[in-house]
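Should a chain be cited, it is by its letter among A, B and C, assigned in written order, with residues numbered from 1 in that chain.
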Amino acid sequence: MEKITFATQLLQYLITGLTIGSIYAMVALGFIIIYNVTEIINFAQGEFVVLGGLVMVVFHVSAGLPLVIAFPATVVLVMLVGILLDRLAIRPIRKPSVLTLIIATIAASILMKGVAMVIWGKDPFDLQAFSGRDPISFFGAIIQPQYLWVIGFLILITISLSIFFNSTIIGKAMRACADNPDAASLVGIDTKKMILLSFALSAAIGAIAGIIVTPISLMEYDRGVSLAIKGFGAAILGGLGSFPGAILGGLIMGTIESFGAGLISSAYKDAFALIVLLAVLFFKPSGLLGSVEISKMKRF
Amino acid sequence: MLRISKLPIAIFFAIIICFPWIAKHIPAIGHYPDLMVFAGIYCLITIGLSLLMGYAGQISLCQAAFYGIGAYASGILTVRYGMNPWLCMLIGMGISALVALLVGAPSLKLKGHYLAMATLAFGIIVFIIFNEEVELTGGPDGMRGIPGLSLFGFQFDSVNKYYYLVWAFVFAAFIFTINIIQSRTGRALRAIHSSETAASAMGVNISRFKIIVFIYGAVLASLAGSLYAHYLNFINPSTFDLFVSIKLLIMIALGGMHQIWGAIIGAFLITFLSYEWLHFFGEFEIIVYGGILLLVTIFLPDGLAGIPGIIKGWFRN
Amino acid sequence: MKKHMFIFLGALIAFSFILPYTTFAADSYKVGALFAVTGRASFLGDPEKKTAVMVAELINKAGGINGKKLELIIYDTEGDATKTMLFFKKLVNQDKVCAVIGPSLSGTSLAIVDEAKKLKTPLVSCAASYKIVYDAKTKKQRKWVFKTPQTDTMAVEAIYSYLKKRGINKIAIMSVTSGYGKSGHGELVRLAPKYGMDIIADEKYGPKDQDMTVQLTKIKGNPPQAIVNWSIGPTQVVVLRNWKALGMTSIPFYQSHGFGSRKNIKLAAGAAEGVLSPLGGCVVATALPASTQKDVTMKYNKDYQAKYNEPISTFGGHAWDALYLVANALKAAGCDKEGIRNELEKTQNFVGQHGVFNFSPDNHIGLTWQDAFYMTVVKGDDFTLAD
């Protein structure tokens, strides 16, 4: 094994940081989609990721379905869970203050974690990497093929979302709900349907994140909370409500962790990312790309 | 909502005073005073949190950090430096107040979810420090040998003695907090909650009030932490992690955050559910816990403290 | 809606009154067990609980102890210190158990060692740290506390002496930031000078981290002669995959004894090949030479596989040892706490899942690393003895 240079090390930190950051970005996107329509931070977002990974294990490994069938089947199933979450936990709430809604999503995440534990047990599960595990060498740094899948899917999701929200009627209707729900319902948009759709969409993105990260990090029932915190942090860092912000926030969080661990101290790497987040908030309370208006809204 | 009638308070504390005697005569609940000590410790934190969230309308996901700062101040100063426990308790409260001021001043300018994230981040950072600074805190294996409390030669060395000590603190905090709520400060807080702009126009110094309440909550949490440390004689970081902050939030929501009683009811219910009643369900415990929480959120949006109001409503109809 | 709420509240109130009244069989020996069955340390508590339940069944099927049934009362601590304390007091004061086995974690064990003394109840911990039985103030073994697992000190000594034998002295260590990793990390650092080990890198990662490429890349910049990793759960598998992907397989990789489950080899999907770890007898039962140790461990492997349809892990064996030790003491002393404690302390040549236990007033650990650990290397899908 040849020794690697400092430059190669830095490159490796960047590659790994961007990959992990892409996962955070996907979780953050899930947060933003629901937030934009409902102003709820859905703390069960991490559970969608966990379910994505675990359901995929059932379809792909246990049932032996080929990847191209198991993948969409998993996404659809988790979307159904997202819809159920809205129908059973969010919509029935009689006095929906934001805090009550947050508690409802926390309750739902506890419930989902418990159900996942009973169904899948406590052991971690593995998925095969989509295109093998033979690492690709890149200027001396190593790229696992699955890294490329993760980054690729983030790009794909970003493009699809921007097409959806900018060029389709439903997407535009969802944006209208986000801007002004009362006006939206006046012009005949069914706000409830849009909320339902936002939950389905964000569950789908969570599921995709879960499916593609499992071959890298394995998946077990209680990983949701840590992913949700990272994703929430990314969404806040980028500025709540902003899609580019969520992606930027995720990538920055991942990269800071990676460089922090590589260059300063791996024990405190999570703290570095959070300190940067706090510093940004103190100087720019609306996050990097968030609108000042949203940050000033007070909904408790 | 601002007027809090005195009769329920008197009845409640009368029950608290008699409870150890009742428990002694019913074997099946003989160990309940032990649980009540922890319920009381949680009550101290939720009372402060209730004032912050329910009355001032500010969210905090870092109460467990202040709880931990109090506990570790007591633990470290008594075990490593052999200081007087009561003095350590005060020092812990002082440190918490200072930290709350430093963190609160910039954080409380943040709104809504941004504030939630900032407090969450602060809580996690504090936890990481407890976990990593092994030399000082003992790391994840924790710190043991923290002495018990005594006052003028009187040792609080049994469950019942400690029970009365903790509940005396809760009583004091409760009365003090009610006085705050019913004072000019309380009205100012309500004003902030309903509309910051309006409150500010009326001449309420919003940020000052918010910081004061934040510090008050932190000091109470710190006191709770010290009481915990001296009771269990042992502390470890996971007692003060993010999940505990969330649990405290759940207590407030479950009990009802717009009434001070909600803080007490929530602390009681969650303590007994998670420490006693739910383990009957074995591995399904977590599902039942989540389920109960969800049902309460859906059907009782004002928490359990809202039930009397609902019943009154029925009679009126 | 109103009706539903009434039912719901009624049920809640009913719970609080009905639940405490659970009845117990009269003619039995009660033993309490505190395991972290769910929560962050479920990888310990889950196999421990399963094992303890199985052992109790086996004992009762064979006629019980002195004709009495062994009744196991298990509480799930979730790895929480407060819960552990409350449940321990409840076991002693309410359930009136003769002895307690567990808790699963060093932290939760340390939380109740003083209470065990106060309540004069024998406690056989299933956690690693030597501090559980050793009181640094009096420099004596705690009177009422014993433990069955090998200590981290032993595991580190087993690894370091093996490294030394191979002429390796420049190492990198990696550890997870949970209690398990922290405690191993402490011993790795503390014992390094004694074995002449030079730790040239000391990397950490969180228990829920997705990837350890960064930490390994850092190590790669200044390659050591060996890497010693101390973690548990998914991270100990992920780190192996990263080690392989980064092409670092020429640097031998040592795992802690926590690696001892065949599930981990399977999860690593080929990346565990050649990985070394010091493991207790029960995990390498098939590779052991014919002996009582082999018979005992083989039987446990077979029973567990048959009952739960999954391979054993190293941790379940600790509960096996703890419960049989208590059962033997019960047989000799009956339900007399002081007697049980004395019998436990007198235990000699007890062949358990992790070696031969010899307790004495100066030794409440009972094992030595020389016979409690076998250095193993992963070949194919199994652990084999390393030379």
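The criterion applied here is as follows: a contact is a pair of C-beta atoms (placed from the backbone, for glycine too) under 8 Å apart; a residue touches a chain by one contact, two chains touch by 3 or more.
Being a predicted model, the structure only gives us computed values, none of them experimental.
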- [ ] Quick one: label the inter-chain contact graph as line, ring, star, complete or other.
- [x] complete
- [ ] Tell me which of A-B and A-C has more C-beta pairs in contact.
- [x] A-B
Open item on the list: With centres defined as the mean C-alpha position, give me the subunit A-subunit C separation in Å.
Closed with: 35
- [ ] Averaged over CA atoms, how far is the centre of subunit A from the centre of subunit B? Could you give it in whole Å?
- [x] 32
Open item on the list: Can you pull out the residues of subunit C that are in contact with at least two other chains?
Closed with: 38, 40, 177
Open item on the list: If I count partner chains per residue in subunit A, which residues reach a count of at least 2?
Closed with: 117, 267, 270
Open item on the list: Among all residues of subunit B, which ones touch two or more of the remaining chains?
Closed with: 132, 283, 285-286, 299
Task: For the subunit B and subunit A complex, residues of the former touching the latter - done: 53, 57-59, 106-107, 109-114, 116-118, 120-122, 124-125, 128-129, 132, 193, 196, 242-243, 246, 249-250, 253, 257, 283-287, 289-291, 293-294, 297-299, 301-302
- [ ] Can you check the complex and tell me which residues of subunit A touch subunit B?
- [x] 35, 41, 89, 92-100, 102-104, 106-115, 117-118, 225, 229, 232-233, 236, 240, 267-268, 270-271, 274-275, 277-278, 281-282, 285-287, 295-300
TODO: Note which residues of subunit B are touching subunit C in the complex, please.
DONE: 27-31, 34-35, 38, 131-132, 134, 139-142, 144-145, 228, 232-236, 238-239, 272, 274-277, 279-280, 282-283, 285-286, 292, 295, 299-300, 307, 310, 314
Open item on the list: Looking at the complex, which residues from subunit A come into contact with subunit C?
Closed with: 1, 3-6, 9, 12-13, 16-17, 19-20, 23, 117, 122-124, 126, 128, 133, 135, 141-142, 144, 213, 216-218, 220, 222-223, 226-227, 258, 261-262, 265-267, 269-270
- [ ] Note which residues of subunit C are touching subunit B in the complex, please.
- [x] 1-2, 4-5, 8-9, 12, 15-16, 19-21, 37-38, 40, 75-76, 79-83, 85-86, 89-90, 93-94, 106-107, 110-111, 113-114, 129, 131, 137, 177-179, 182-183, 186
